[in-house]
Amino acid sequence: MTTSAILLISAPDKKGLVFTLTQFIYEHGGNILHAEQHIDEENPFFFMRIEWDLTHFDVPRELILSALEPIQNDWNMDITLSFSDTPTRVALFVSKQDHCLADLLNRVHHQNLNMTIPLIISNHRDHEALARFYDIEYHHFPMLSDNKHDVESKQLGLLNEQHIDLVVLARYMQVLSDDFVAHFPHQIINVHHSFLPAFVGANPYAQAYARGVKLIGSTAHFVTPVLDDGPIIAQHVINVSHKDSLSSFIQKGKELEKQVLTDAVKKYTEHKILVFKNQTVVFD
Amino acid sequence: MTTSAILLISAPDKKGLVFTLTQFIYEHGGNILHAEQHIDEENPFFFMRIEWDLTHFDVPRELILSALEPIQNDWNMDITLSFSDTPTRVALFVSKQDHCLADLLNRVHHQNLNMTIPLIISNHRDHEALARFYDIEYHHFPMLSDNKHDVESKQLGLLNEQHIDLVVLARYMQVLSDDFVAHFPHQIINVHHSFLPAFVGANPYAQAYARGVKLIGSTAHFVTPVLDDGPIIAQHVINVSHKDSLSSFIQKGKELEKQVLTDAVKKYTEHKILVFKNQTVVFD
Amino acid sequence: MTTSAILLISAPDKKGLVFTLTQFIYEHGGNILHAEQHIDEENPFFFMRIEWDLTHFDVPRELILSALEPIQNDWNMDITLSFSDTPTRVALFVSKQDHCLADLLNRVHHQNLNMTIPLIISNHRDHEALARFYDIEYHHFPMLSDNKHDVESKQLGLLNEQHIDLVVLARYMQVLSDDFVAHFPHQIINVHHSFLPAFVGANPYAQAYARGVKLIGSTAHFVTPVLDDGPIIAQHVINVSHKDSLSSFIQKGKELEKQVLTDAVKKYTEHKILVFKNQTVVFD
Amino acid sequence: MTTSAILLISAPDKKGLVFTLTQFIYEHGGNILHAEQHIDEENPFFFMRIEWDLTHFDVPRELILSALEPIQNDWNMDITLSFSDTPTRVALFVSKQDHCLADLLNRVHHQNLNMTIPLIISNHRDHEALARFYDIEYHHFPMLSDNKHDVESKQLGLLNEQHIDLVVLARYMQVLSDDFVAHFPHQIINVHHSFLPAFVGANPYAQAYARGVKLIGSTAHFVTPVLDDGPIIAQHVINVSHKDSLSSFIQKGKELEKQVLTDAVKKYTEHKILVFKNQTVVFD
């Protein structure tokens, strides 16, 4: 496997953008492996993911960003640089239910996802054995009526120590404070157990069951200060019918939650998600 | 093709219901072709669709309902009786957009649906040529600010004259009055261009586009006095992405609308839908 | 939870079958919870699954089959009787790949499937730790060129000892002998990693990749003496494109294999599968 | 709407390809609207679709290909150039069944597809009225045992006269000669009523029904001299069960055929399909 560099770029759309970027890569000896772009015509805004082979690239990886600085300034670009040999560092937050947690741990164990999990954080002790099985740090923070600020500040400490890139709320039943969220802008992925924006808030399956829907859904989205309102990354649905009880809604829903959260996390670790105006560009 | 009778039954659940019904059919010489049942365990309530061959059945079809009366009274049943050789009589209501209209007309023409369309009603003249091509009466009722009551009463007159069983709102952009709806309880099917209950009301595609969803949906439901709140019959969804514009949302949505409306109408004409507490039982 | 009895019935179709069965249940005080039937019109043949509450049923469960004998003989019925409180006893056979094994073990652990797993059999030692984690017997039978007959006879011994109802080949890469298969008629479920009958035999993903298909599939079926030809229980597919490599075909395929095998095993443990002429009736 | 130019490019993969192409477009004043690329890593081969706004492009459209010639020669490119304001000219071939024909005509009529249909060719007279309704030439060529060569040569004459870009076999039940196919390399799209390569040849639904499959499929592919073996463009499937008869397989299949053929034709008219080694690259 060759190592590649991946640029995620957002910029106001202007003639010559693609040319300028490909020129930079070509003149330094890079071979483009993948390139995807999108133009939001209303605004108009330009988005690109470009990945190139580093084998004969003549800029050392720690100098690439500074080498790009003139281009970045000229075109007013927002740039993120990643490397294919550097797995995303992910912290998992979980409460009582473990289906998403178990699924993600199993996939990382089988190396299906380009990520490592330095730590798991929970408001319950339930999953300590599972964490030990996979040899992952487990931090238990019981939530009391008045310790939220304190708990979050300790959690932020752990995340910083471990250089966490992404926080995944794998069915974490606590609302994060705005301050916490502000530390990880578009770096916290939540799975909501409905087809948002239907059934915002608590007990979405019970709401869906009462309404007599014929499909239930699940949504993975970035967390923002407004509850269940962040940029949507992925949504899945499954058929239900009069034969389904509320408990089978929940059972089927768990499958969706696993799938949709895995999909979103996978895209993140492949550096394929860009955010613009509370929406996402998710490259294939 | 043999002719069959179809009973749709709702009743409070009690031991012996299935036995009593199958005894009635068996003792009169009927051979059961299909039988499906559902028990709502919460209430508890019993639902059944039972279809039997009339070839050797010794009760003339016009006397079946009265022959069933003792059973019906004993078990407090709600009963509907239909015959496989009697197509459902459907009135189509349509405004400007014709994709659902054209699709239904084409399917009826190819005999894919067990129904006839005695008339089309529209607040526009646009589809007169299409109606003529299929040799169907077309009634144009322009909507003015003050003629709704008058127009609806003429429409009800036409529906009665033609012994209409089902009204299908194939993208009809007028809200029917409560009085009109009361004449056709659970006999009016509407297609709403969203995954209800998300995006109730006007411009659901624009709402969905603004929210950045990754799936759009369409819902066929019975019309009740509360807007977009009637019992849901069928729902379909399709993937969308950042590559889709509002106009491609609408384009994809039209495909969904055709599919979901056809599905719902087909189930109705097969006598497979029962309504209970603002929800539907839709047999396979 | 009440305990219920479940009958699976196949018989030549004749007027009065449903009546006779429901009479039997009613007269002995049973309340029917679910009833599904199917008539194969070509043959014609009748299939039914009927489930009733045992709370007030006046035939002790060990005498139900003999009480049914007269009906069974009169109507030439094939009958299977099960009870909702008696989990299916399943043996898992597995080779090197563990995705189906891990998924089934996890689901049984979370009580999503009404089954117990008394033992795992493998031609490799790889999954002993996993078996130990779930506290399940693990039997290792290395396959040599000349020990197949011997190994199978020991395996049959273990299956008999443990009163196994169903053998699940969870990616087991050995072909079972006709003799072995004959001991478990329609009681061995295999998952084949293609959309059968496309790509029978070895390396189906490589075959599919070479053909340039746009969907890949997976099939769960009963094992019969003819390779990959037994009655199909469930099939799933997923989209692929030019962007997929052979290894991503395999990766996506593993997800399908898990889903389709779980689906089939779930249906079996719910006593919803009947076999007729190398095809299955799978009730909802 | 601005007019754009679209290049479809295939070439042996080499560093600098994207740079060279984007340089050409940039230096002549073009603004790239869409760019998608794919690298087949095994061969390795490069594929690209690039679309740019012609508003300020300084090469007249009839000179673009010759302006590109030096690049084309240097990089050994295979190039196709199209313009967004020039609809694809499509000839429809059809036999008795009209579901695909009616669907395509309706979509073109509603301007959902960027194509015109100068003529319809059929071995039956059945669809003359429909053709007349849409004001399209209809050519009837009855097939006799010995007139195939003669008929095909007349058909080729018509296709040439009308400058046909694409032939669509919308359920055309005649096998085209190798000579005919050679005149339209990767320009003839057929819809096969199975999930290829399962059920090649005649009566695929009957084959699928006999096998007891749980999904049926439909495949749109380019026609090559080997029957049902050409590059696959799109495949769709739908669930079937024991409840389906052969006739409902066929009915459901018709829906798939319409969808999959429309999908493939749409991609063709958007200039999104490239062929390589009997496989397709189909850009989103």
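Going in written order, the chains are labelled A, B, C and D, and every chain counts its residues from 1.
Simple rule for what comes next: a contact is a pair of C-beta atoms (placed from the backbone, for glycine too) under 8 Å apart; a residue touches a chain by one contact, two chains touch by 3 or more.
All values reported here derive from a predicted model rather than from experimental measurement.
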Fill in: Third chains touching both chain B and chain A
C, D
Worksheet item: Comparing each of A-C, B-C or A-B with B-D, which pair has over half of its contact pairs in common by residue number?
Response: A-C
Worksheet item: Which chain pair is joined by more contacting C-beta pairs, A-C or A-D?
Response: A-D
Item to complete: For the Cα fit of chain B against chain C, please give the angle of the superposing rotation, nearest 5 degrees.
Response: 180
Worksheet, complete the sentence: Taking each chain's mean CA coordinate, chain A and chain C are separated, in whole Å, by 37
Worksheet item: If you average the CA atoms of chain C and of chain D, how many Å lie between those two points?
Response: 42
Worksheet item: What are the residues of chain D that contact at least two other chains?
Response: 243, 284
Practice prompt. Under the touch definition given earlier, write down the residues of chain D that touch chain B in their complex.
Written response: 99, 102, 106, 110, 112, 133, 243, 251, 284
Fill in: In the complex with chain C, residue positions of chain B that touch it
15-19, 22-23, 25-26, 29-37, 39, 284
Worksheet item: Okay, in this complex, where on chain A does chain B touch?
Response: 38, 40-41, 47, 195-199, 211-215, 217, 231-237, 241-243, 245, 278-282
